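In the two complexes below, subunit A is the common chain; its partner is subunit B in one and subunit C in the other.
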Partner chain A sequence: MNLRYLTPVISIAASLVFVGIMLAVMGINPVEAYTVMFTRSFGSKFGIAELFVKTTPLILTGLAVAIPLRAGLWNIGAEGQLYMGAFAASVVALKMPLPDLLILPTMFLASALMGMAWAAIPGFLKAKFDLNEIISTLLLNYVAIHWVEYMVYGPLRGKEVYNFPFSDLFSDAATLPRFFGTRFHFGVFIAILIAFIVYYILTKTDFGFSVRVVGANPRAAEYAGISRERVIIYTMLFGGALAGIAGMIEVSGIQLRLRPAISTGYGYAGIPVALLASGNPILVMLSAALFGFLYVGGSALQTTYSVPVAVVYVFQALIVLFIIGGNSLIQRRG
Partner chain B sequence: METLLELRNIVKRFGDVIANDHVNLEVRKGEIHGLLGENGAGKTTLMNVLYGIYQPDEGEIIFEGKKVRFKSPKDAISAGIGMVHQHFMLVPRMNVLQNLVLGYRTPSDPLVDVRWVEEKVRKLSRRYGIDIALYEVVMNLSVGEEQRVEILKALFRDVKLLILDEPTAVLTPKEVETLFSALKAMTKSGLTIIFITHKLKEALSVTDRITVLRKGKNVGTVETKKTNERELARMMIGREVVMDIQKPKIEFGSEILKVQDLWVKDDRGQDAVKGVSFSIRSGEIFGVAGVSGNGQKELEEAIAGLRKPFRGKIALDGKDITNLGVAGRKDIAYIPEDRIGVGLAPSLSVMENLFMKDFKNFKKGLTLDFKSMEEEARKLIEEFSVKTPSVHAPASTLSGGNIQRLILAREFSRNPKVIIASQPTRGLDVAGIDYVRRRLIESAEKGCAVLLISEDLDEIFQLSDRIAVMYEGEIRGIIPREKADYETVGYLMAGGMEVAA
Partner chain C sequence: MRVDVEAVITSGFIISLLASSIRAGTPLLFATLGEIVTERSGILNLGLEGIMITGAFTGFAVSFLTGNPWLGIVLAGFAGMALAFVHAFFSVTLKANQSITGLMLVLLGLGITGFFGRDYIGQVATYIDPIEIPVLSSIPVVGEIVFRHDPLVYLALLLAFVIWFLLFRTRYGLEIIASGENPEAADSLGVDVDRIRYLSTMLGGFLVGIGGAYLSLAYAKLWTEGMTAGRGWICLALVIFSGWMPQRAILGAYLFGGLDVLSFKLQAVGFGVSYHLLAMVPYVVTIIFLLFSVIRKREAFGAPASLGLPYIRGKRY
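Presenting the complex of A and B:
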C-alpha cells in the first residue's frame, strides 16, 4: 500500500541521481548544477514567473493525458491537440473581425473545440473499431505539427515578418494580460481553475463515476450498463479540449503569434506529469510544477554550462521508466 | 505401509497472513491421501510448498527418507513429485505427444525420439490404464481428456507422488467416475496420490486416508473407512452445519421470463446457443445443469443484455426486451460466474461497487450525493453481512465469500423480477454456500423468477423446481424436480440424448 505512494518520490530521486551521473560524466559537478537550477528558478521574481509560465501548459496537457488515463486510455496526442488548438486560436486572432472584448473568449472556445475535434478521431476509432489509441494519437501529432508549419509558411504567414515562417503578431485584444512586469500571464489562473473543475467533475459527478468504473474494469462497466464507448469518446474529447486550450494560452500568452515549434514537447511531457500524479487532477498541478522547474532549470543549465536542453527530456524519460517499472514491481509482489 | 513423504511443521506466511501454521502431513506409499478443507484453508499453498513453487518459512520436507529442499518445480519433478493444477498448462495448438515431451529430454536429445516416446507411453498406458490418442491436437480434446494428458505428463516423468489439485472441478459425473477408477488403478501399480478437494463425497469415495486443514492448521488425519460426511464437515468448519436447506412450497405466479428459439454466437463467432426456449414463472427456480462451456455463458449474457442474440426473442413480463441493452433491463439481476472479472471493479471501493449500476439515482443537481450513498451502502453491508473494514475499502480486499455477498447486496437490493445466478456458490465455503442458497430461495418466495445456472448437481437438485440440461448449446430436456434423478441429469450432461420427461 505505502509503496504506491512512494513510487513517485523514489522515481524522482532516482532520476535526479541518474541525471547527476550523466552531468558528472560531462565534467559538470552535479551538486553545483542542481544549485544553479534552483537559484535560477526560485532566486528572482523573473525565475518564479517563468516557473508559472512553464507549469501552465503542463497542467493542461497533464490533465489532457490524465482524464483519458482514468478510463484506461493513453492519450499520447496532447502535443498535436495543443498545436491544433493554437492554430484555431490564431485563425480567430488574425482573421476574424470581432469586437475586442469577444476575441479572447472566442479564441478560447475555438481552441477547445479544435483540440476536441483532433482527439475525437482516435476516440471514435477506439470506441467503434478498437483501434489502438496510442498509435492513432501519436501519429496525429505529426499531422498537426506539420499542418501548423504549412500554415505559417503559407496561408497564415505574416506581412511584417521578413519571410520568417511566422504569422503577424496578435493585436493586444488577442493577447492575455501579463502581470508584475514579467511573462506571468492570465493563462496561469485559467489552468489552475480548470484543474479544480476537472477534479470536481471526476470525483463528484456521475460522469466521473462512470469513468472510474470503466478505468477500473471495462468488463464490469459493460456488465453494469455503463456505455464504455461513450466514456472513451467523452474522456478523449475532454482531454483534447484541454490540450487545445494549452495551445491557445501558449500563442496568446507567450508567443503572441503562430510559429512552428510553439511547444517544446509540452504535450509529451503531459504523460509523465499525469503518471507522476497517478491521474489525480490536484496532484497534476504539483507534478506539472516539478516539470516546469525542470524546463526553467534546464535552460539555466544550458546558458551556464552549455548543456543541451535535452537533459530535461532525459529526465522526463527516466521518470516515466521508473514509475512504470515501479508499478509493475508492486503488482508482481501483490 | 511405509511412509513416502513427511511434512514437518510447515509454516508459510504471506505478509501478516499465515497460510500454513505448523502443518504436519504424513503420506504413505501407495495410498490416495485426501487433503480436505474449505477454500482458503491452505491446501493449495501447502502443496505449492511441497512442489517447490513456494519456499516454506519454517519446517522441513522428508521425501523417501531424505530431507529435501525444492527450489523450483523442476527440482520436485526430478525428485519424483508431479502436480496437476486446477488450470491445465497445455499448449492448445500442439498435439498430445508434443505436450508430453515439452521440456523433457528424450535419449536422442536435441531431437525428439518419437518411437521411444510412443513406446514409453504405451507401457504407461498399459500399466495405469490411461488411454489417449498421441497425435490428437490438444485443442480438440475434451476437458477430461486434457486432464488425462496432464496426468500422463507427470507419469511420463516417472513421478512417484502425484498431486491433484481439485481435479473434479471441471469434469462431468461420468468423467469423475473414470478418473476415480484410473486413480485407484494407479495406486495398485505403486503410485502415491495426494488428492486436494473440498467436496466431502469425493474425499470419501476415492481416498484411503484424509487429512483435514482448517484455517491453515492441520485438524487431523482420519482413515476414510472409519469416518463419515458429518464428522468430516465438522472437522472442516469446526461446527455442525445443517447442509439440508428446506425449500418451502412456493405458489407460482404469472410467467415472468420467456425465451423463445434463442440463438447466440460466442466470441469466436460460433453458434453457442442453438434455439433455446423456456419460460420461468414468478416464484419459480429454473435450474440449468450442464458442464461449463456448453453455451450457458452466452445464454445468460444474452438474457442479461450483454450479448446480442442473432435470432429469437426474450420477453420480460410480456414485453419484448430482445433489443434492449443492460441499462434497459433494470428488472434483471445478474450474478455472473466471473465475479472478479465481470461482477466487480476490484480496485474500486465497496461503496462504488455497490452502486456501480444505480449511481445515477444519487444525482443531486450536478453532483452525486455521496453522503446518502454512503448511508445506503452501510445499510446494505449490514443487511447482507458483508465483512469489510469500511465502505471505502477496495473490493479486492474482501474474501471470496464477502465478494459474493457484495454482489448479492447490489443485485438483490434493486428489487429485480428476474435473477440470473451463474455458479453462485462456486469456490465459496460451506457457510457462504448456505447463505447464497437461502437468499435465492427467499427471492423466489418474494416472487422473483430465478434462473440458476450451475455445474453443481447438489445445488441444482436442492434449489430447482424444474431442471434443464444444456449440452452443446441446446437444452436436452426439461425435467420437473420431483421426476429428476442424478443419473438422468448426469447422463444428459454428458451428451446423452433427450429423454421423455
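Presenting the complex of A and C:
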C-alpha cells in the first residue's frame, strides 16, 4: 500500500496515543476516555446529529482557509470573519423589520458580505503593500471578537437576559429549521452544498484555474497575464464570505442569539482541516468530519471528566505535525 | 462623559501610565528579542503565541508547586526552548514549511496549557515583586517611572544590549546573520548552518518562554487559559517594526505595553468609551505600524534575505 495514504492514518493513531498519555497524566484512563468519545458521538441520534452540527462550521472555515491557500495565502482570520458574519446576521435578525420569508436569506447575504468585508482588509493590504497576511488576519480576529463583545455588552444586549451579555433570542423566522428532534439544522445542507460549489469553481472555471496557477507558480501567472493582486483579493473575499456564513449558521442554527464565545476555535481549526485535505474542497468535508468528531468527543470528555475542550487543539496540532513529519520522511526515502 | 484634565495630571495618571507601560512592555521585549535572534538565523517561528502561553503556564505552575518564582522563570525558558526545538526539528532537519509548523505550535501550546492548566485557574502562586533601587528610586517622577520595577524589567533591557552585542560584535553573531542572509555562502565558509539555526531557534524559544512567564508571575500575577491574548502575534509584528534590531525592540515593546495598559487606565479615570472598544486598539495599531514598516523599503529595513527558507546544501532557491 502506498505510504502516502497511510500517513494520515498513522498520524491520527499517533495523536491518539500522545493525547492518551496526557489523559493518563491527569489520572484519566485513556481507553475509557476514548470509549466515552466514541459512544457519545455514535451511540445515539443526538450524538450523530452533533457530529453533523460540529462538522458544519468546520467545512466552511476549512474552505475559508483552503481557497486562499490554493493561491499561496494564509487566511488565519477565519475566526474573526466568522464572528463578524455572526454579528451581521444578528443585526438583521434583531433589528430589521422584514417579511418572515426574507429574514433568513437576508441574514445569509449579510453574513457573507460582512465576512468578505473583514477579509478584504488583509487581502487588500497583502495585494497592495505585501503586508504579511498571517499577522494581519490573526490580529483582526481579536478586533472582531472584541467587537462582538462590545455589541452584546452594549447596543445589542437583550431586554430579557438579566445581566448576561447576550442579545435577545432570535424570532422563529430567523432561526434555521431543525430536524429529528435534535440540533441537526438546515445549515448542514448549506455547508455541504457550498463545498460542492467551491469544488466546481476551483476545478472547472477560469477563476479556479488562475488561482491554481498563482499558487503553484506566481511568475508563470504573471507571464500568462493573470493578475496576482486580483487573485489575492478575490480568494480572500471568497474565504471571508464562507467563514462569515459559518458565523450566521452558528447563531441562527445553534446559539439562536448573539453572545460572546460563539466559536470554540472553529476558525483556527479550519487550518488543520484545510491542510489535512490538501486544500481539496471534497476532502475538506471528510477532514472537517474528523475534526467535528474530535469536537464532539472533546465536549463528551469535558462533561464526563471535566477535561478542558482545549484538548481538541492538541489533537489538531499533533495530527498535522505527524503528517508533515511522515511526508517528509517519505520524500527523503524516495 | 468628559475627562477632568486637571485631575488626570494631579492624580499621577501620566506617571503611573508610563511606569506600567514599561512593565507591560517587558514580556513583549523578551519575546521580541527572542524572535529577532531566531529570525536573524533564517528561521521564521510563527509559534510565539504558543510558546509564550507555555512559558506563562510553566512559570506559574512551577512557582505554585515550589514557591520559587525564579525557578519558574528559568523552567519556563526551558519549556519554551523545548517547543522551539520541535520547530527547529521540523524546519531545519525535515525542511518542512515553517509557517505551518509555527501555526501548529500555537495550537499545541494553547491546547496543552489549556488542558493541564485547568487546576491552576484561580490559584495563587508566589510572584516576583518590584524592588526599589536605592537612591535612584527617590528621584521625583523619574524614580517612580523607571526605578521601582522588578529585576526582570532591568534584565530585559540589559538583554537587548547583550543580544545586540552578540549579533553584531561576536563571531557567533556573524554566523547567525550569515545563516539568515546567505546560507550557501555561510556554508562554503565553513559555518554549520543547521547547527546555528537550531541554536538560534532554541535560544529564541528560551527568551519567548521567559516573556510568557513574566506575564503570569510579574505582570498579571495569575494564570488563565489563553492569557497571552495575541501578544505573541504582536511581537512578530514588533520584530518587523524594529527592523530586526534588538535596540529598536525596546521602544516598540514599551510603546505597545503602553497601549495595552491605556484601556484599563482610561477606564479608571472615567473615560467614556467602552472597554471593549479600547481593547481593540493595540491590535489595530499593530497593523497600522506594520503597514508603515512595509511601505518603507524592505532592504533598508533589514529582513534577513533567507528568512523562512529551508537550507539544503547544493540546492538553490
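Basically, the second predicted complex is superposed on the first by the 315 of 334 C-alpha atoms of A that agree within 3 Å, B and C clash if a C-alpha of one lies under 4 Å from a C-alpha of the other, contacts with A are read in each partner's own complex, and residues count from 1 in each chain.
Here is the rule we go by: contacts are C-beta pairs under 8 Å (C-beta built on N, C-alpha and C of every residue); 3 or more make two chains touch, one makes a residue touch a chain.
Every value quoted in this text rests on a predicted model; they were computed, and no experiment measured them.
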Partner chain(s) touched by A:223 [first = subunit B, second = subunit C, both, neither]: first
Partner chain(s) touched by A:209 [first = subunit B, second = subunit C, both, neither]: first
Which superposed partner A:42 touches (first subunit B, second subunit C, both, neither): neither
Which partner, subunit B or subunit C, touches more subunit A residues: C
Which of subunit B and subunit C A:196 touches, first, second, both or neither: neither
Touching partner for A:307 - first (subunit B), second (subunit C), both, neither: second
Which of subunit B and subunit C A:180 touches, first, second, both or neither: neither
Subunit C-contacting residues of subunit A that also contact subunit B: none
Subunit C residues touching subunit A - in the complex, by the definition given at the top: 46, 86, 90, 94-97, 99-101, 103-105, 107-108, 110-118, 225, 229-230, 233-234, 236-237, 240, 274, 276-277, 279-280, 283-284, 286-287, 290-291, 294-295
Subunit A residues touching subunit C - in the complex, by the definition given at the top: 22, 25-26, 74, 76, 125, 129-132, 134-136, 138-143, 146-147, 149-150, 153-154, 268, 271-272, 275, 306-318, 320-321, 324-325, 328-329
Of all residues in subunit B, those that touch subunit A in their complex: 304-306, 325-327, 334, 336, 341-348, 352, 356-357, 359-360, 363, 366-368, 370
Subunit B-facing residues of subunit A, complex: 200, 204-206, 209-210, 212-213, 216-217, 219-227
